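Below: one structure, written as structure tokens.
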Amino acid sequence: MHHVAEWKKDEVKDLKELIESHEVVGMANLADIPGPQLQKMRRNLKGNATLKMSRKTFMSLALEESKKANVASLKDHMKGQPALIFTNMNPFKLYKILEESKTEAPAKPGSTAPFDIVVPKGDTAFKPGPILGELQKVGIPAKIDKGKIVITKDKTVVAEGDEISREIASILTRLDIHPMEVGIDLIAAYEDQTVYTSDLLTIDEEKTLSDIQKAFTQALNLSVNAVIFTEKSTPYILQNAHSKAMNLALNAEILTSKTRELLLAKAYSQMLAVAGEVSAKNADAVDEELQE
Amino acid sequence: MEYIYAAMLLHTAGQEINEGNVKKVLEAAGAEADDARVKALIAALEDVDIEEAIEKTAVAAAAAPAAAA
Amino acid sequence: MEYIYAAMLLHTAGQEINEGNVKKVLEAAGAEADDARVKALIAALEDVDIEEAIEKTAVAAAAAPAAAA
Amino acid sequence: MEYIYAAMLLHTAGQEINEGNVKKVLEAAGAEADDARVKALIAALEDVDIEEAIEKTAVAAAAAPAAAA
Amino acid sequence: MEYIYAAMLLHTAGQEINEGNVKKVLEAAGAEADDARVKALIAALEDVDIEEAIEKTAVAAAAAPAAAA
Amino acid sequence: MEYIYAAMLLHTAGQEINEGNVKKVLEAAGAEADDARVKALIAALEDVDIEEAIEKTAVAAAAAPAAAA
Amino acid sequence: MEYIYAAMLLHTAGQEINEGNVKKVLEAAGAEADDARVKALIAALEDVDIEEAIEKTAVAAAAAPAAAA
């Protein structure tokens, strides 16, 4: 029998208790988060969620020993520098909060570009000097203009998914371009026997908004087309009825308080159209008023 | 527009648009039913395909030509 | 659409749009007057300014050329 | 549009738009002059400033061509 | 403009647009009928399709909103 | 709009839009389910192709003609 | 779209849009209620104002005709 230190047992026991006492257990990756930023994020989570860093083996043990059905499968989602998050928030909300708390960070040599990194055209803060050569060396079109270094064209310096080189990282930092995002990556979250991976946890608010609008439009269409009177559809049904009545009155040339001006104007414009054609043949065929 | 609305109502209800019916509807609505205007309405609608006239967007035609002029 | 034309007719005639009046107009037009739909119509119109709703079509109309420009 | 054209003709010629005149013009043009429609025309135009009606629509017009372009 | 309205009136009434008819209509409208102008108008109208000219206004109108859309 | 949303929900879920179902949904949503209005809803939808009615832009249609003016 | 309709129904009925209510409505409608999707919906709706979204659509609708003209 090998001996397990007391503190190790305690730590597993603590983790286990946290697992049992929270509705939601998340598996996060803390890789690349500088210490001070991590402290800040922890503080921000306070009251909503608890972040626990521990050794992989301890976390695995705690998850395995938990009485919660299926929670053990969370250990398949350990990545980078794993940590557990405990909360009673809806896992989708947890994911959203973590995503929103991510901050910009300078490019690190050797990391992967999360998207196309573009150096935009325009003035820089640099006075003429060796940096001009450095810019040009990595393919950024730059020149000196009015005593300043100016980038003449937008330039994609690293394509999405490519590695960021040391030179590029240095230049991006000096240009104050911070293409990286750091923060707590929620890889997966467990709630009520189900493990939701990050792809499921991503909420598209734009889509929710457009779905609501689509649903409303369709409901409105149905109620207007089927002539079902609701507080939303009735104004449109009125407008439809009015348009139809106006069409009938105008097409049948029936003068009413609402059609007479339009019918008079129609006669007038028709007269102008005919007069236009006539005067094109012979200007004297129309009276002076119509000659132009 | 009372006369037009009365005509639309009868048309939608599948009833004939004649003097008697138009007057009956107008009176039920508490609107004055002027004989001459009722007759004028019937006369104006006589040669009109109501279904077509309702759907043809006349407003555009009416205002726009002036507009276009 | 009978219901809406009945309402518009009453409105133009300056009469109150209530159950009794709407039914009277519909019946005069030989249209069936379903209680529930009449009620729904009246409830829906409670918060709707008919003149404004119609005007909106007209306003849209008036705005159109300008808007289009 | 005969009735409207007749009214516009009289208006342009500076004549009064009344029953007698409208009928006279329509008959001279070989058009049928329905009593009720003539009366309805006169009644409808009674308080309309034709010049203004034409102008008002023409204003909207000014914008439209551009719009259409 | 009286001349044009007279021509349009005759056209709509299905009558021939000739000197005699145009003068008759103008006189009925109390408008002066200048011989030379009537002749010039009739000659010019020989090459003009009134129906088309009127329709074209309508088409322009109909097209405008679409175009602008 | 509760009644409409209930109908849309049932339609989307592939369930029949009948009195029982509509009431069940409304009640589950804590909405008042007025018998008459439920019946009116069912009646109005009876001969409507819902799929088509959903897609046909009633709003644009309603405004357009006026707009075009 | 069942989830969205369920939410809109609850919203219109003045009920809270929470897991229990959404599931109850979906089940009443005979629709499958997937836990994860219900949760995702609720999280998403926390930052979306349904009333505002609807208003925006309505405004778009109202503006469209003018714009389109």
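For reference, chains read A, B, C, D, E, F and G in written order, and residue numbers begin at 1 within each chain.
One rule holds for everything that comes next: contacts are C-beta pairs under 8 Å (C-beta built on N, C-alpha and C of every residue); 3 or more make two chains touch, one makes a residue touch a chain.
Remember, predicted model here, so these are calculated numbers, not experimental data.
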Most widely separated chain from chain E, with each centre as the mean of CA atoms: A
Centroid-based (C-alpha) most distant chain relative to chain B: A
Comparison of A-E and A-B (more C-beta pairs in contact): A-B
Mean-CA-position distance for chain E and chain B (Å): 28
Between chain G and chain B, distance of the C-alpha-averaged centres to the nearest whole Å: 42
Chain E and chain F: spacing of chain centres that average the CA atoms, whole Å: 51
Euclidean distance of C-alpha centroids - chain A vs chain D, Å: 59
Touching two or more other chains - residue numbers and ranges from chain C: 1, 5, 8, 37, 40, 56-57, 60-65, 67-68
Multi-chain contact residues (two or more partners), chain A: 215, 217, 219-220, 227-228, 230-233, 237, 239-247, 253-254, 256-257, 262-263, 265-271, 273
Residues of chain C defined as touching chain A within the complex: 1, 3-5, 7-8, 37, 40-41, 43-45, 47-48, 50, 53-54, 56-57
Residues of chain A defined as touching chain F within the complex: 215, 217-228, 230-233, 236-237, 239-240, 242-243, 246-247, 262
Chain B-facing residues of chain A, complex: 241, 243-254, 256-259, 262-263, 265-266, 268-270, 272-273
Chain E - residues contacting chain D, complex: 1-2, 5-6, 8-10, 12-15, 21, 24-31, 60, 63-64, 67-68
Touch list for chain B against partner chain D, complex: 35-44, 63-64, 66-69
